[in-house]
Each structure stands twice: as structure tokens, then as C-alpha cells.
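Listed below are the structures to be examined.
Two complexes follow with subunit A in common, the first pairing it with subunit B and the second with subunit C.
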Partner chain A sequence: MKLKKLWTLPIVAMLITLTLTGCGELLDPDEPGNLVPRTVAEDPLLPRIEVNGTILHAEAFGDISNPIIIFLHGGPGSDYRAFISQIGVENASRYPNERTITNGGLSQLQDEYYCVFYDQRGAGLSPRFDKGVVDFDMYVADLDAVINHYLQKKENETGIGDDQVYLMGWSYGGILSTGYINKHPERVKDVVMYEPGPFSKKVWDYFIENSESPFAQIGEDWLDGYLLSHDHITSDTHERADYQRILGAFRGQPEFNQNPNTPLWRLGAFISNENLDFSQSDNYDITSNITASFQGRMLLIAGKLTEEPYPEYPDMQMSHYPQAEYVAIAGVGHTGLWEKPDEVAAVIRNFLTQ
Partner chain B sequence: MKYLITAVMLFVVVNQLSAQTIINDSPTENRPYLRVGIEPTTMITFGYQRNFNVGFLNRKVTSYAEWGTSMYRFSFNNSELKLGAILLVFEKGGFKVVNNLNLSAGSVTTHNFDSKKFAVGDEVAVGFYKKSWFIATTVEYEKIYLNRIEHTEFYRATYYEDAEDGWYKGAGGMFQFGIEGGGTIKRKYDIHLEIKMPFTEKFNSYGGSPLHLNLGFGYRF
Partner chain C sequence: MKSKAMIIGVFLLLPIIAANAQVMFPIPAGNRAMYMNFGLDPAVITTIGYAQGFGVDFIKRDIMVSAELAMPVAKMDLRDYRLKIGVQTSIINYKGWDFSIPVHLILRGTKNWMHSATSFGADFTALFGYYGKWWFVNLEFGYDLAFITKMKATDRYKKYYYPDFKDGWYGSTSHFFTRGIRAGFRIRRTEITIRAGQPIIDWTAESSELMPPFYGILGVNYLF
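Presenting the complex of A and B:
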């Protein structure tokens, strides 16, 4: 047996590979900016704040002497682009000076409120973090720091010493709002949520029971492309993982009736993989302190199309709050605040001025 | 020099259906085959194998070429071509170590981007091979060494307007660990089943289907 000759074969294969990859200038899939946008850590032109030991991608709109609303996006891992975009009108470039209007989407509330938007740690255009670094407590601490940052700014610029804000959370942002209120009930005047994620194990179980199996999507074009793309790109780095994850954005759960054209800047794959893990534990409940301690009101907004597969969901969620109201928006699902921002903004105005 | 050229051809010739290893002992020389399964999506694959002797190696080599496409989006745009060579590395009784080296070129279209990829893969199978059946464990590594990526208008409008189109150096690699087995009926008809668990090359979750499953059928002549 000529084993020595056998060992030449891998060497030849290696030479072929080196020859092919050595030809010409090749782009690097792991270099920020090639496949996915740079974050505030890499792009000095992006708006930002520095809080709680990190920088976050953030913007604020309106007169700071007005009441403050902090908007919390979904995901986890998504960003605030859909909050300030509006279907058919404005798609919110990541550079503010490239936008065609400055009051798109729910940022139209800036005529009565000081509207604050930020991308959560590891999400959107905020800097990336490796697996195992970020947890829910850190998200709550970040939100507390963002609130303090803007209340202090308000006091510095206007002399008004507010100690409360309004929160508006979408999907996972509703979970974050509730987790924050559970820990700091005195800091929030009222809270508005658009289709918040489950607050407790009981609601989570209901949600799972009424959701379609992922296997029901087999054969869908987006899923076929998503799966096949794994033979082309593997997700070991942040950039590749983000690039691959966004293939499933607003497509994976048909019962949510999401509009797949809803814009995003970046879907933070590493964050979206780990930050909801705590919600699947048997004793998951982020509302233990709310009924006794929260003096404010909660408004739950949902799309009628999402309400249909989960009819008991709104009541189950609202039962965790001492004062809660419910409004359904016709003709939309989970991305309804991007599709019908004028209608959603009107509902929010009406609730907050009651 | 001719040995070197032959060796290069062996590696440029291309896939991975390791049941073809069973044909290694076959007096027949040709086998077309069909494979269906999930790897990485629901795929159907058409292949052809041919045995030939390589003098300087003093043994028989099974070369193969196969083309697989998505079952739901049957097209060249969502397919992969593989060329490979299978070689017996070690043998003692029915126990064998078999190596399968391949090159592949694939294409995928998504709503965000179109990609062409070029990869090199190697699979080692260790198991028991009898005349009418075999069972083996497998370890496979595939390195993507080149991608051509072009973004769609949808991706630019909805997510990232400044995405770069062009040739990218390899976008990763993957391992697969699996078991496979197969049998031969009437010395002509082969059936083959394999199940594999994929990981990225850094042993992170693969992210797609957690298991790959294939069922293959072959005919010898």
C-alpha cells in the first residue's frame, strides 16, 4: 500500500484552494459595512447616546419640555426603524439628514411629546455583544439609564424636574416595558404596548398552544431560501449571523399577519438567540410587583388580524395590570404600527390625554 | 507528473453519498442514483458514479458527479453540483475507513440576495462493509472558499442600501457528524439512509435544519 502517495492528495487539494482564493481582491463577509450596516461603534455619523457603560444608537424628536415617551422596539435584536418609518411615505435612512420627512411613523407624536427612540444593546445599529454577555437585567438597567439620561437632559435644558416618563413597547419591547415597570413602578406614568410578548408562563403556554407549528412553513419560498443559504454562509461571526437571520424577518409566523416589507436596519442575531430564554422557564413571571405597586395605566393595542388566532391573549396580558384598556386596529397584524401609524398615533394620543 | 495530474483530476472530479462506497467492491462499473432528503432544505439529487482503477494508488476509485436541487424551487438557481472521488484508505476484514473528497458549486436565490458558492469538502466514513450491506459513522467537513453575492432591490430598500455586491472570500465552513447504512438487493439495486447533525466550523449551532436526513436509491450496471 502506497500510503505516502495517498497523503499527497490533501496537499494538492489545499494548493488548489489557495490558488483559487488568492486570485484578485475579495470582499470580506465579516467586515462591517459589506453585508450589513456598521453600528455606532464603527460609523461616527450615526446618532448616539452614552449610558450605562455603553453607547447606544438613539434619536429624540420634539420639544423636550413636553412629556417624554420612550419607545422600545421588538425582537429582541430588532431596531427602531419601523417606529419612525411609514409605509409608502418614509423608509427612514439610518442617516437622519437623508430622510425625506422628519416626523414619519410614530415620531409624528413629537408635536405633543418628546419622543425618544433607541436600539437596545446588541440590537439594530447599537454595538454588537458576544453571546452570554447581555441579559434581561442588563436591558432593564439600560432602559433605566436611558430614562435618567433624558430626564436629566430635560432638567438641564428647561429646568423642569420630571421624574416620570411614558413607555411605548412593541412585541418584545412590551416585555421589556413590563420588566422595567415591575422593578421601577414609580418611574412610569402610563404604558402603551402594541402586541406585547407574553408576561408570564401561563400566557406563554397559551401563545404556544395557539401558534402554528414551524413545520407548517415547509415549502414556503422564504424558508427554502433561508435553509439553502446555510450551505453558502455559516453564522459563526456577528456579520454573517445577522445577514442570515434577517432572511426570516417578519416571515416566520404567518398567524402574526406581518407585512414582510417592514423595514429594519439590522437584526442582531446573537441577541435574538439568547435574550428570551428566561421567558421559557417554568416560573417565568415578570409582573409579580405590578398589581400592588404600579399606579399608572396600561393600553394594549393589537391588530385585528393577530387577535383572531389568539382571542384570549389581550385579556390574559391585561390581567397583569391594575388598570388596562384594549384597542384593536382593523386590517393589520403584528406590523400594524408601521402600516397604520396615523391610526395608532391617534389611539395613543387619545389614551394619554384622558 | 502524470500522477500529479491524475491526483488533481480525482479531486476536481466531484459529492458525498457514501453509500456509493458499497460499489467499491462491485464488479460492475456504473451506478446512477437518486437521493431525496433534507440537506439543507428539501432536496432531490441525481447522480452518477463510475469505478476505475488508479494504477499508482494500486486500487479502485469511485468517482461521481451529482446535481441536487430544491424540491420546492426546482431550478439551476437553487441547486448544487458536486464532483468527487471515494477512496478506500484502510481495510481489515469487513472494517473499512473510506475517504470521500469533493468540490462543489452551488447557487441560491433569496428575497435578500443571490449567492453562488464554491466549496471543498471531505468526509471520512468508518464502519463495516459487507457485500450486501454496510453501516458506518461519518465525519464531514466542508469549507466554503468563494462566494459571489448580489443583493436584491428588496434588500437595499428594506434593510441596507449600501450592501456590497461582488466576490467574497469564503463565508464559513461546517462539520457534520452522522451515521449511515445501506443494503444491496439482487446485486443491482442499492438503498441508502443517512442522518447527520450539522455544526458550523466553530461548533456553533448550524442555524438551519438541526438534522440532515437522506434516502438514496442506486442501480448498478
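Presenting the complex of A and C:
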């Protein structure tokens, strides 16, 4: 066999493929906007606020003279898109003027409340931060600054001097809500959470004991796709890491019964893990001050499908609050507030008006 | 167009580089082998391949040319594949101790719920180890890169995540290092081999959290 002939095979294959597929100018995977959306740092058309030394992607809906609810998304690293979207109705565009409805998802509460949504530091369409820069204390400080921003805005625009808000946290947003209340219990009137992450080491241990091992998912389409993607994309830059991370979004935890089509704008990959690292320590507990100092009530909402594998979870979480209630939504799991926002909104209204 | 010309140039040069590169399993000129591997790399895959030894007079070495096809086994999908063609020869060999640098050209494809991708790339590996009569062990330090990748997002990704994703050819979407070990033993014409290690993006990092934590492959070679 002639070696020279053999060596030409890959070159010929490549040239034929390039010709057939029409290789034009090469795109840069790290150029903002190619793989994932630009953040507020790169796109002047996105709504924003400036607080605590950074800009954050944020929007508010409703009459500011009404009580304020601050919505805290999950992740960490995700965004508020699912809060204002609704299955089969609206996948909220990142540009408000391109949306088909203006009260999708839980933003329907705007008829009674002033609803504030923001993407946490480094997450969603808020600007990126490198690994190791953002920590939980910074998230708590950001939330405090967001609350101050809107309370001040309310006073400026209406003359109403309010000093409390409602919080609504989903998943990791529940951890952030609790961490905030533990530090500033006087600033929160009541708190609503949809399937919040664990508040203490004891709850973490219960959660892990009752969750399936990641190895049990070998062979699942999403995991094969995620692993194989490393042959094509490596996560050494923000843009590529954020893009690759979406491959596993809403898929990695079968017990959560998440709808894999739950929309999001961007998953901040470099934020995702390090902001939960603190919760892995043996003395993790973000509730030490709550029982003694928090005067408000807590409502825990969960999907029935998530309740099944974790039956003791709601009681374990609620035990950290002096006044707590529990409501389960039938037929949904961890993404239930996107799948049944009307039902979840009704539960929230009922709780807050009691 | 300049970058495209550069990439084509690199591909034209690679076989020349490869001609000076070398062998992992020393197959003498005129001999051949079929091989099959199974393991995690980066997903659970099976590889089948063919290798043949040649004598090359002007470098006074035997070289081995190989071609292989790898596919995931959990749920076989013809759109997920990795084709490699490579050249290997020994650079330094002294009393069984061997240093070699195998080089492969790689065509990879994948399709998942988010996108389809086709990449042209290469891997370069430095192998240092010892070959006994019936066994061998090597340390490996590798570098894998995709020169260009054609990416097309699915309608699902555009609908639920990012409608303005740019379909097309991307330059340099992937590169990573590997550090690990290879070992094997031979029984008559059959070789049993293992390859295991860690893929890393940042050479100085202990691990790369967004990468699979390790690779591990079990192989069987039949020489004829």
C-alpha cells in the first residue's frame, strides 16, 4: 500500500465537506451573541438597574404604590425568564417590546403587587464574573441593594415610605431568600418559596440520600449529549461554558420531574457551583437567627411529583421558620411554576391576603 | 478567508508532521492488527479500528498507520461518531524505554437536543514508557483540539433558549489536555490494554469542573 495515498484521505474528506457545506467566514465562538445572548454589559437594549456597584438585568411590573414582591430565580446562575413565561403561551423574549403578552407567568400578580424580577450577579443576562469573585454574602448584599432601590423608588414616585417587601424564591432563590431573612429579618414581611434548596446540612444530607446517583443516568440522551459535546466545545471561556451548560439544564435530576423545555436566557456556568460550595460544609445552616427574629410567615409550595421522592423535605425545611404553611400542586415537579403559573399565583394571592 | 486558508494549510502540513511522529503499539512492517476499545471517552463509547505497520526507509523506522471509528454504545446513534486516522512511530528507543508522539487527524460529529456539530481536529500525544516482551506501560500527555466546527442549533434551542444563535462554521471551539497512563500485556496474538486519565482544560488546575472527571478505556487488539 502506498502511504502517500493513505495520507490524502483526511484532506480530501475535509475539502469535500467544506465545499459541500459552504464554509464561509469563520465565526468566533467567544464573540458575545453568537452562542448565547449578550448580557446587559453588551446589549444596551436590555432593561437594567444599577445597584451595589454593578448593573443587573431587571424589570418591574405593576403599580409601585402596591406592595412589592421581589422574585429570586434558581440556579445559581439561571435567570427570571421562567418566572414571566408560561407553558404554551409565552416564552418571554429578552426584549420586553417583543413579548406577546405583558403579564405572563407569575408576573400576572402585577394587578395586586409591584413585581420585581432581576437576574442575580453573574447569572442570566446580568454581567459575567470570573470564577471566585462572587460569593453568597455578595448575593445577600445585592438583594438588600435591590430592595432599597425599589423602596426608594416607591417613596420617590408615590410618597409612600414602605420599609418591607415580600420575597418569592424558587429553588436556589429559596436559599437566597432564607440567607437574606437570616441577616435582615425586619426587611421581609412574608416569604413564599417554590421548592427551595436545603437550608441546613441536615436537609442536604436527606436530599442527597434520597436522590439518584448521577452514574445511574449513564446512557440518558442528555448525559450522552453533554459528554460528547466536549469533543466539540470546551468550557474555557464564558460564552462556551454558558452554552455547554444549557445541555444539562432542567435534565440532570430525574426526581425533580422538570419540564426540559422550561425557558431561560443564559445559564451562568462559572457561577453555578461555587455559590453552593458554602452549603456543603458540616456546619452549614443559614437559619440560625430566623426562629428568634423573623416575625413574618413562610409559605412553601412544591409540586406533587417532587414531593413523592422527598416526603419529609417540606417539614424539614419549614421547621426552620416560626410560622410556615405548605401547599402542593398536583401533576408538576420542580418547574411547576412555569407549567401551572395560574394555580401557583392563586396560592400566593391567597397566602399573602390572609 | 485568511483563517480558512490557514486551517487548510495546517491540514496539508499535518501528514508531514505525522510522518515524523510515531507508534504506541510497535507493529512491525508488514503486520496488521484489528482492535476494539470500550470505555468512557468522553461518553461511554465503543471503538473499532485497523492498524498496519510499514517500513519507511528515509527515516529508517517502522511506522504504524491506523484508522478507527468510535460511537456511543448506550443508545447507538449514527449521528454521533468519531473517525480518527493516525500515524505513530518511535522517536527514541533504548533498551525497551521508548518516547513517541502519536498524531491523529479527527473528524467528529454529534447531534443532540440542542445542536448538531461536525468538527475537524487533531490530537497529539507524548508517550513515555517501557516495553517488555509481554507487557508495556506508558505515561501519556496529550493535546486535543478542534480546528473548525460546523454548528447548527435545533429549533428547540432557538425556541426555548436563544433564537439568534448563529449557525455556521466556528473556529477553534474545543481544546483540552489529557494526562494519564496506558498499559497492556500480550498473550500470543492478542493484546489487552487499558488507558485511563484525566481530561483538563487548564493544565495547572487539579481538575476542570465542567469536563468529565476522567477517561478510562479497556481494549483488545488482535495481531495478524
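Quick note on the criterion: the second predicted complex is superposed on the first by the 330 of 354 C-alpha atoms of A that agree within 3 Å, B and C clash if a C-alpha of one lies under 4 Å from a C-alpha of the other, contacts with A are read in each partner's own complex, and residues count from 1 in each chain.
The rule is short, and it goes like this: a residue touches a chain if its C-beta (ideal position, glycine included) is under 8 Å from a C-beta of that chain, and two chains touch if they have at least 3 such contacts.
This one's a predicted model, so the numbers in the text were calculated from it and none came from an experiment.
Of the two partner chains placed by the overlay, subunit B and subunit C both lie in contact with A:N261.
After overlaying the two complexes on the shared chain, residue contacts for A:D28 are found with subunit B and with subunit C alike. Legend: residue contacts after superposition of the two complexes on their common chain; A:T234 is shown touching both subunit B and subunit C.
Once chain A of one complex is fitted onto chain A of the other, the partner contacts of A:A216 are absent, as it touches neither subunit B nor subunit C. Of the two partner chains placed around the shared chain by superposition, subunit B and subunit C are both touched by A:N91. On subunit A, the patch touched by subunit B and the patch touched by subunit C overlap at residues 1, 6, 8-10, 13, 17, 21, 24, 26-29, 33-37, 91, 218-219, 221-236, 240-241, 244, 246-247, 260-265.
Within the complex formed with subunit B, the subunit A residues making contact are 1-2, 5-6, 8-10, 12-13, 16-17, 20-21, 24, 26-29, 33-37, 91, 93, 218-219, 221-236, 240-241, 243-244, 246-247, 249, 260-266. Residues 1, 3-4, 7-8, 11-12, 15, 18-19, 40, 42-44, 52, 54, 56, 63, 65, 72, 74-75, 80, 82, 85, 87, 105, 107-108, 110, 112-114, 117-120, 146, 148-151, 156-157, 159-162, 164-166, 168-176, 199, 201-202, 208-212 of subunit C are the ones touching subunit A in the complex. Subunit A meets subunit C in the complex at residues 1, 3, 6-11, 13-15, 17-18, 21, 23-29, 33-37, 91, 218-236, 240-241, 244-247, 260-265, 269, 273. Contact residues on subunit B toward subunit A in their complex (touch as defined above): 3-4, 7-8, 10-12, 40-42, 56-58, 70, 72-73, 78, 80, 87, 89, 101, 106, 108-112, 115, 117-120, 122, 143-147, 149, 154, 157-164, 166-174, 198, 200-202, 204-209.
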